[in-house]
Each structure stands twice: as structure tokens, then as C-alpha cells.
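Below you'll find the structure, written out as C-alpha cells, and then a few comments.
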Amino acid sequence: MRPSRRAPDQLRPVSLERGVVKYAEGSCMVKFGDTHVLVTATLEERLPPWLKGQGRGWVTAEYGMLPRATLERTRREAAAGKQGGRTVEIQRLIGRSLRAAVDLEALGERQITVDCDVIQADGGTRTASITGAWVALADCISWMKGRNMLKTHVLRDNVAAISCGIYQGTPVLDLDYAEDSEAETDANFVMTGDGRIIEVQGTAEKTPFSQDEFLALMELARKGVARLVDLQKLAVA
Amino acid sequence: MRPSRRAPDQLRPVSLERGVVKYAEGSCMVKFGDTHVLVTATLEERLPPWLKGQGRGWVTAEYGMLPRATLERTRREAAAGKQGGRTVEIQRLIGRSLRAAVDLEALGERQITVDCDVIQADGGTRTASITGAWVALADCISWMKGRNMLKTHVLRDNVAAISCGIYQGTPVLDLDYAEDSEAETDANFVMTGDGRIIEVQGTAEKTPFSQDEFLALMELARKGVARLVDLQKLAVA
Amino acid sequence: MRPSRRAPDQLRPVSLERGVVKYAEGSCMVKFGDTHVLVTATLEERLPPWLKGQGRGWVTAEYGMLPRATLERTRREAAAGKQGGRTVEIQRLIGRSLRAAVDLEALGERQITVDCDVIQADGGTRTASITGAWVALADCISWMKGRNMLKTHVLRDNVAAISCGIYQGTPVLDLDYAEDSEAETDANFVMTGDGRIIEVQGTAEKTPFSQDEFLALMELARKGVARLVDLQKLAVA
Amino acid sequence: MRPSRRAPDQLRPVSLERGVVKYAEGSCMVKFGDTHVLVTATLEERLPPWLKGQGRGWVTAEYGMLPRATLERTRREAAAGKQGGRTVEIQRLIGRSLRAAVDLEALGERQITVDCDVIQADGGTRTASITGAWVALADCISWMKGRNMLKTHVLRDNVAAISCGIYQGTPVLDLDYAEDSEAETDANFVMTGDGRIIEVQGTAEKTPFSQDEFLALMELARKGVARLVDLQKLAVA
Amino acid sequence: MRPSRRAPDQLRPVSLERGVVKYAEGSCMVKFGDTHVLVTATLEERLPPWLKGQGRGWVTAEYGMLPRATLERTRREAAAGKQGGRTVEIQRLIGRSLRAAVDLEALGERQITVDCDVIQADGGTRTASITGAWVALADCISWMKGRNMLKTHVLRDNVAAISCGIYQGTPVLDLDYAEDSEAETDANFVMTGDGRIIEVQGTAEKTPFSQDEFLALMELARKGVARLVDLQKLAVA
Amino acid sequence: MRPSRRAPDQLRPVSLERGVVKYAEGSCMVKFGDTHVLVTATLEERLPPWLKGQGRGWVTAEYGMLPRATLERTRREAAAGKQGGRTVEIQRLIGRSLRAAVDLEALGERQITVDCDVIQADGGTRTASITGAWVALADCISWMKGRNMLKTHVLRDNVAAISCGIYQGTPVLDLDYAEDSEAETDANFVMTGDGRIIEVQGTAEKTPFSQDEFLALMELARKGVARLVDLQKLAVA
């Protein structure tokens, strides 16, 4: 029995709310249960120096957590004077995941920066971030289309992400914090709308896992992502 | 005529919503028009080293701004590797302002950290932060009372803050960004519920101002703070 | 009775000595009693990037304190790897104060950097810094005039600053450290030669103060600044 | 045809040389073709603060690259003043991978720090590091056994890692730099001696991949790791 | 002919003024011509962690330069966020030099920190610093003796330093900036009152030098240091 | 008797192996007994900003130590976030020493960066680094000659370095760690192939030394450097 009494393949209540802040070209408040992330997409007519003059754009991401998003207060990274290893790892993952679905040539020499700021954290902040980031990105691209800034299709497919894990011997979908901190195995899957894989990260938290266990998690993830992609389509419709 | 068509002594619509996040001992989403700040108050049973063993507690504040709280994206301070001068100045002001209304002996050897994170900025983020911070602090102190952690009264009075300025020759209350960026003079007032002054900061943005002009601003501020204190009392009732 | 036996409206002995270092375009050793600050003004034919090509110049300030300017040794900020919040706050104040009296268009596309380094600190280092900084700035502008680098008047008026506070219930002028550390209220006033206000910062160190108390402090400050302006005029004559 | 003319399931020449430095409790120079990593294991009788007094030890890793390990010189991280995101990501992976095979209770309240310094980089530095790190760790544990510092078995199993990728449409094992920079998909597998999975990281570098493609990579990895584990056994025999 | 018209073995006018600041246990304003350094010695009843409980004390030094001590303004190290290589090198040298003349056991478990802040720089700031630092240190030790804090002799001998160099083919003593920037060879000598060597640093700025040239510089230094030691004795008498 | 049973004027076994890494334009693994340093020379067609357009090149050096090069693990400077004072001092010395033998005009507008990374440290890492750095530099310059990038001679002479010290009253050559940590006096000499001095650094670790003692050390150094220069000539032949 999961602490939340969910079925093994049941997501938490998910919401994807667009247009939640005033200035950003795209935005989304994404909630996976008690995990809430505010995502904004910023369009800028400038590129990182190493990319200039190559006729294509860039999508990058930054990730942060408000100090009291967590059960105990986490030290503010700006005060600590640097971004921690976990932050860096997550924001690199978000950026890679989004770029896999974007036609950077079609974007032109522009950069979209996606900021994912965790307002409240109850497990799965990186998967919620990616899922919401896609919506903010789509919102930003609509904004650009509305201004005739794009000639062709930029967004090739949906991108969504979900975590799975083996909790008390059972493969379960969309771990919350209570499950995550006890799971034997934890895996994050980033997938496209057509079911292909962009990124897989599986970690044996306690004991190494078998290939069969991994395949069971992948199967759960496939279902979860399909459901998230449906919700994204509703959100941007 | 003010860009927002407000009367010179009219505040923007203000809301103070308590209990907006799950984990913090106290919290408040404060809105002054399009300026939105999420404030949390965290209670910790530890003190900065220089205060240990003196039988009194501490209240401190940190301030941050989400990158896209602003019209153009602002660089994330965690990525820049340090908090800017403006951030440091504001968080010191918030901390001082709150401490003026707290009986630190009555608090006991504990620290309350107030985090003010600006979700959206349209002028007056420091005054909104202070006004909301008092609510989150009061919320946190109620939480402590509910657990019998306090013997006596900790909070001596309300604390609220408002900006005023001289805009196109007229003293006006609660500047929004459009006014703030053009005002000749800008002043922030932090006051108590009984009308006394905790902090005054007046700056001639363009031309030095006279004592009479300053007194006109102070008079406006007095009215504004009185209104904010009424709203605080409603919020914590 | 003040610890220094001064009358409530009596400044400490003030001296403003020009031309104290060899290389700077302007310099001043300012002393307010035992508070000694060495100020230099540096002229540079370059501007911060955000100001280039706008046909006007810039005046900025930096502030530092020698480690043993204080009763106990203070850690060197260069060794700590960053400037503390108090330093940043003070140098921003000095810069703003000076700019209020400078015609930046008349200065042309140049930057003057004013460095205020506290050799010895006995309260009031920021007000002594501003008062001495104006002299160093005036010295630098004379240097420029002597080289026919300026066509019109750059310096519109004098700028001087003084602290006031309520010490044992009495409003007093120009707090030294002994008073400052016990004052109920502490206010700094930056004013022009013609008595207008550039910056006001009043802080209730212990108990909030009334408007009448604040006005009494402002009245004292007016007298003190008038006296400082007279001394500045003598110094640059 | 692979640039190195290897068969798709063929590793580069691998060598694992123990005892290569004088002071470390364990060490290994690991070579996967032209990728050379010097690994040392350091035993210390101290623990990170958050782990003290819990009756178990810790294994952690740090990763670095000599500036000219690469085709073009890479800036020294010590000079840049911080470890880059890639470094942090890799050293966290190495640490997690090793801990999955260590009985931390049996280790006792001690820390083993594994340093992986890349002398020369030709792709696969993280997988070579993990594979060599296990040897250095085993060497260190032998050193402890030789001093009767351990009562029970500490090392539960071998740990080795290998990369795979889809290169010009074909799944291949152990990518070198030439392949890595052109591969459509890149995956790293960390596995135990008995074939279970500790960590899987698969990334679509260009186009998302299917589940079948992923399974083909996993199959290759299984073979590669089995071969590496054989070589580890020879090295520590 | 030297730019300053000094004889090859002639020092610049040297002054060593004690007791120049109010709070420090020892202080000295040292001037070698236009090179002016303010030195303070701070006594603290605490030690660096690695020295605790060993029954001996420590003497350390820090060095800084005011931004406009130089012909052109130098960036403030506190603003740059770190001490440069030259600063670190010089302060290590000052500390080592002083410790060579101090009986650390006799000092007891205390630390003396010597701060050398260059007010004006015209070459030879490190040698002026060391020479003045000895005076400030002696002043601090007198202060301790006056309070019966020391049982035995702490200061074994004088320590003074001077630079020499080969300028236009001639060995000369006490280089000023004009000479230093053109000298073929530059050497700094730190010596004791009885003529022994504590530290020698000789650098070929342009062409390598011969042993004979080096000996000629050493001979000049011996004379210069003897003169400085006489002046130190006068200063502390 | 020296701990290593060497004669007072006997070097440790020295080896200088060229071409030890694949990518660098020049490289050398230098061993002085158990002190092993990997040196690479990198040629880049870019210059530090302050040197551009002056028709000459630059040679600079960086120095690092693998964490377990030492008896006890040393904290990684990249993790500490800065290079320590000792590192900065050493890399400045290496750069200066090499530049003394290079005709920077003949090099042209290019930079050679020499990286010295200590693999194992048993005293004398800076002298081994300089000695090996010359070989890597020579290797790099041969590489350039082979590509017709140089018209004239760039390398004027050999550069090698050795330490000497007074160990138990006897002057000895090439201190290892056991001697270095107990020596009364420690001196490093950097010399050219023709016996002239580039840099001398002598430090009284415990008691100040006499001029005669210093001359004895210089005499030893001369012999040692002559031997090292012979070995360099063999290495690059």
C-alpha cells in the first residue's frame, strides 16, 4: 500500500496552468500533487558566445528552489555563493530534454531560457519541471508565432517526464517524497509524445536492480508520460 | 494623472493571504497590485554563533527575486555566485524592521528566518515584503503559541511599509514601476501599528527635495500604513 | 551629558585636508573627531558598459575599512572574498549622494571613482566619507578645469552629511561610537549647500520614534550640515 | 565501420594497473584505449558531519581533468574558482556507483575518498573512472584487511561501467571521442559483477530513441561489463 | 645617474612613526620616500585551529593597497572577490620574516596579526612593510610587557628589509618605482639586526645575472639594512 | 647522514621523459626521486588582453597537485574554490623562470601555457616542475619549428632549478621531504645553462643564516643545475 493510497500506476493529481505571470513570454504553474513548480520561458535575441553566427538558436534551463519549499529550510544558493551539484545536474537535464524536441534551426538565432523555480517540493521536482517547462516553452513559441517571428514548425513533439521506483518491492509510478526516501530503486524517464525516450536515469538507491525490474519501471513510465502528454495538449489547446 | 489612474493617496489593491505553503511555520502571499511576494517564516532552534547563550532570539530576513519577476529577465543570483548590493540592502532592511516589533527575550533562544521571494515585480517589492513578512511572522508566532512554546507576548505591534514619491510634482502613495522610474523623489516608510516610525529612507532621485515635500510624503505614508495595518489585522484574525 | 561632554548640537572637531596623496586627481583626509577617512577621487576616461555613448559621465564610490580601524580587528574583506552588506550599502549611498550634486552631462563621457577608506572609526564613517568625498570630488574637478577639460559648471552645489540620534532621551548631533552604540534612534542626513535633502535614513535602533522626534533630528542635521558646508568652502577656497 | 575499426561489441584495449602511486592506500591507473585515468583511494578516520555517530562509513569521489588531457586545453577548475556542472555530475555518479557495492556498516566510521584524475581523455572518462575506482577501492580495502581493521566483508560485488551508443545507426560498445561526438544516442551503464544494474543513464543526443534501441544498448553493455569485471578480478588477484 | 639623483648606496628618506592609530596594540607609519605604509599590530587571544594547544603563539601578516595608492587606480581586491597572487606572496613573506625574529614559545598561545596597508606606492612596498612591521610588532610587545603578559624576551632581534637592483648596469640600493620598472635585476633582502639573512629573493627581470652581480647587491643590502635597523632602534627607544 | 644516504652534493635519480601525453604540443614527465610531475606545454594563438598587438608572445604557467600526491590527502583546490597562496606563488615563479630564457618577440603573438601537475610529491616539486617545464617548452618549440612557425631562435638557453638547504648543519643538494621538513634553511635556485642566475629564493626556516652559508648553498646549486642541464640536453637531443 502506497502512503498516498494511490494505485501503483496512478499519478498524483496533475495540473498545468498557463499564463501565470505577467511578463514572461511563456509560463506554467505545474503541480504534481504537493510538488509545485513555477516555470517561465524567456525569449532573448542573443545567444551564448560559442553559438553565434551558426544560424541556429538555443534552449537552456535554470532550476532553483525557494528556501522553504522543503520540510526543513534549505540554504539559499545565492547566499551560499554557488549552485549545488544537484541543482546543476537538474538544470542540465531540463535543458537537454527540451532541446531534444526543438528544431533549433527553425528557432533562428535566439535563446529561450526556461526558469523552473520550485515553490513547494514533495518529490519529483525534476519531472514536474520538465513537464511544465514544455508547456511554458510551447506558450513562448505561440507568443512568437503570434508576432510572425517563426516561419516553420519549431516544436517537433511533446516532452514530458515522470519518476518511477520500486517501493516495498512493487514498481510504482510518480514517487512522492515519502516513497522516494524509502524506494529501493528510483528512475526518471523523459519521453516524447510518440513514446520514444529522450533520457533515462535509473539509480539503485539501495540494492542493484535487474533488467526485468527496470523494464517494469519503463512500462509504468510509458503510461504516465502518455497521460501527462494528454494533459499538456489540453493545457496548450 | 497617475498612470494607474489612482488618486494620489490611493494604494493599489492589496491582498495578504496566509498559509499558502505546506511546510513553513508561517507564510503569506502578499500582493500590492502586480507586485507579488511569497513570504515564509521558518522557526529554527538554533542561533547565529554571536548570539548564543544570551537568553534571547533573533529574527532575520532573506530576499530574492525569481529571474522573470521583471520585465526583462534578471540574472539568477545563485548563478552569478553572489547576492547583489540591492538584495543585501533590502534584506537587511526587512530584518531590522521586523526586529523593531519583536521582543527577542520573549522569543527565547530561537531564530525565525523570513524569506521574501518576489514572484512578480511592479515596484514596491521591499514595502510589500515587509508588510507580508509581518503576517508570516505573526502566523509563525501563532504556530508557536499553539504548541505552548511561548510564555509571554512576542509581537509588540504591527509593522507595515509603504513607498511614496513625488511624481510629476505631486506627492503620491504606493508607487508602481511606471511611477517609480520617473519619480523625482522616492521614500520608503516603515511604521508601527500605533503610527511611530521604524525606518525612513528618502532619496532624491533627480533633484534634492525640501523639508516640506518630505513632510507631505510622510503624511501620505502615515495614511497608507494605517490602511495596511487594518488589512494585516484582518488577515491574522 | 554626552560622553564627549559636547553640547547636543555640537559637532566633533572637523578637519578637511586636501591634496593628501600624490597620484589622485583629487583627495581629502577628513576627520570628524577620531573618525578618519582618506578619500581619493580618480578620473578615468571610460564608463561602465551600460552608460556608453549617452553623452554623460558617471560618479561612483567604493568604501573600505582598514582591519584595525576598529576597536577589535575586523576581518579584511579582500581575505573574506567579498564585500559585506554594510560596505555595499554605504558605498551605494555615497555614490548616490554625490551624483545628486553633479551635472553628469557637463562631466562628459568620463567616470570619477571616489574611494573612501576608513583609517580609524569612531562612529559616523559614512557621513564623514560623504563630506570628505565632496571635497575630493571638487579637487578633482578643479584639476580638470586646470586642464580645460570642462566647458561648463559640473558641481551644482555642496553635499555634506551628518548623523543625529536620540541619546538618553535627548536629540544630539554627530554621534560618536559611544553614543551610536547606545542611541535609541539613529538618522543620517545628506543635504545640499542650500539646505535641501538628498537622502534621509532614519532607523529605530531600539524603540520606534515619533514624527516630532524625527523633526527634531532633522533640525539638528540642518545646523550641522550648514557648518560642514562652511568648512568645505574653506577647504576648497 | 567504426573509426577505430573495432567490432560493434569490442572494447578498446583495457588495462588496470594497481599500486601506481606511493602514498595512497589504494590506487589504479586505468586505461580504456587512449583514455587514461589515475585513481587513488584515501582512507580517513573522519566522516562528513551529517554522518557522525551512526555506526557506518562513507565512500565518496572527486573527479578532475588535467588541463591538457583534452585536444584543446581546458581551463583549470581551480583557476576558474569552481567545479563545472559536468565535473559535479560525474563525481556524484562515481560515488553513488561505488557505494552500491559497499557495506557501509562493515566499513565502520571511516571515509574512503576516491580521486579520479583524467590524464588523457578520449571518450568514456566516467566509465573508465568507475571501473578503475573499484580496483583502487578494492586495493584500499585489502590494505585495511592487512592491518586487521575490518571484521567482515566490505565489498559486496564488483562494479564496472561502460558506455554504449548508436553510431551511424548501429549500436556499438565503448565509444571513443570520435564516435561519442557523432553518436545519435549515448548511454552509460554501471553494473555489478552478477549483472545487475546500479545506474543507467541514456541520453538522446540527436533524436529520441526507441525502447528496442535501448535494449540493444543494454545487451552490449552487459557483455562489456562482464569483460571488465573479469579484468578487475585479474587486477586484484 | 639615478632618476632621484641618489648615490647608488643611498636610501630614500626613511621615517618610522609609532602610535599612529588609536586602537591597535602596536602601529607604525613607515615611509621610504613616497612609499607610505600604515602598519598595525593586533593582539588576539586566539590561534589558528592547527596551532591550538601546542604552547606557542603565532605571528601572521596581511597586506593590502588602497586603490589609489598607485599612479593609475588599482581595482579593490574586496570588490574583485579575492586577493591577487602578488598580495598573497607579499603577505606570506612578511609573516615569515617576522616569525624568524620571534620566540613563539615565549609569546604564549596568542596571535599577533600585522596589517600592512599601502597608502601610497612608489616601489619597495614589501620592504617598507617589513621594516615598519617590525616596529609595530615591537610596539605591540611593549604594550604586552606593560601589562605583564610576557615573562621572557619575545623579540630576538631586529628585522628589516630592503630592495636592490641593477639599474642601467649599476647596482643600486632601495629602488623607487622609476628604477624598479626598468631594472635588469631586482632583489629583496630581509635581514636581522646582527646581519644574518632571513630571506633572499632575487629575480632577473630581463637578463639572468651573475653570481658577482648578486654579491654586489647583497653587499648594498647589508649596508641598507644596517641603516634601517639603526632607525628602528631610534623609533622604539 | 642524509635520510636517503645520498652524498651532500648528490641529486636524487632524475628522469625527464618527453612526449608522454597524446595531445599537448610539448610534454615531459619529470622525476626527481619520488617527486613526479607531469608537465604539458600548450600553444595557443591568443594572448592575454594586456599584451595584444605588441608584436610579442607570452609564456605562462599553472601548477596543481593531485589530491593524493601527498602523504595525507590534500583538499582539491577546484573544490575549495580557489588556488592557495603556495600554488599561486609557485606558478608565478615557474612562469617568470621560463620567460627569462625565451625571446618573446621571436615567439610572435602566441601564448604557451605550461601546466605542471604533481602526481607524487616528495619535496622539490617547484624545482622539478621548472626543470621539466623547460623540456616541455623545448618540445613545443620543436613542434612549432617542424611546422615552420618560427623564423628565428626562441629559446635562448636552458633553465633548470634545484633546491638546497642546511640539514643538520650541513649544506645539502636537492632536499627530499624528510630533509625539507627539518632543514634550518631552504633555498631554491633557478639558473641558466651558462650558470647565470634567474631566480634565487632563500628562506630561514628556523634560524637566520649567514652569507657564507648562503654561498655554500649557491655553490651546491651550481653543480646540481649543471647536471640537470646535461640531462635536459640528453632529453631533447
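In this document, chain identifiers A, B, C, D, E and F correspond to the written order of the chains, with residue numbering beginning at 1 in each.
Quick note on the criterion: a contact is a pair of C-beta atoms (placed from the backbone, for glycine too) under 8 Å apart; a residue touches a chain by one contact, two chains touch by 3 or more.
No experiment lies behind these values; they were computed from the predicted model shown.
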Greatest separation from subunit F - chain, by CA centre: B
Where subunit D and subunit F touch, do the two copies share over half of their residue numbers, giving same, or under half, giving different? same
Could you state the distance in Å from the CA-based centre of subunit A to that of subunit F? 51
Rounded Å distance between subunit C and subunit E, as computed from the means of their C-alpha atoms: 33
What parts of subunit B, by residue number, touch at least two of the other chains? 81-82
If every chain is a node and every touching pair an edge, decide which shape results: line, ring, star, complete or other. ring
Running round the ring (origin subunit A, first step to subunit B), the chains in order: A, B, C, E, F, D
Residue numbers on subunit E that touch subunit F, as the complex places them: 82, 85, 88-89, 92, 96, 100, 157, 187, 191-192, 196-204, 207-211, 214, 218, 222
Give the list of subunit E residues in touch with subunit C in this complex. 21-24, 27, 34, 38, 40, 42, 44, 62, 64, 66-71, 73, 76-83, 87, 113, 115, 117, 119-120, 122
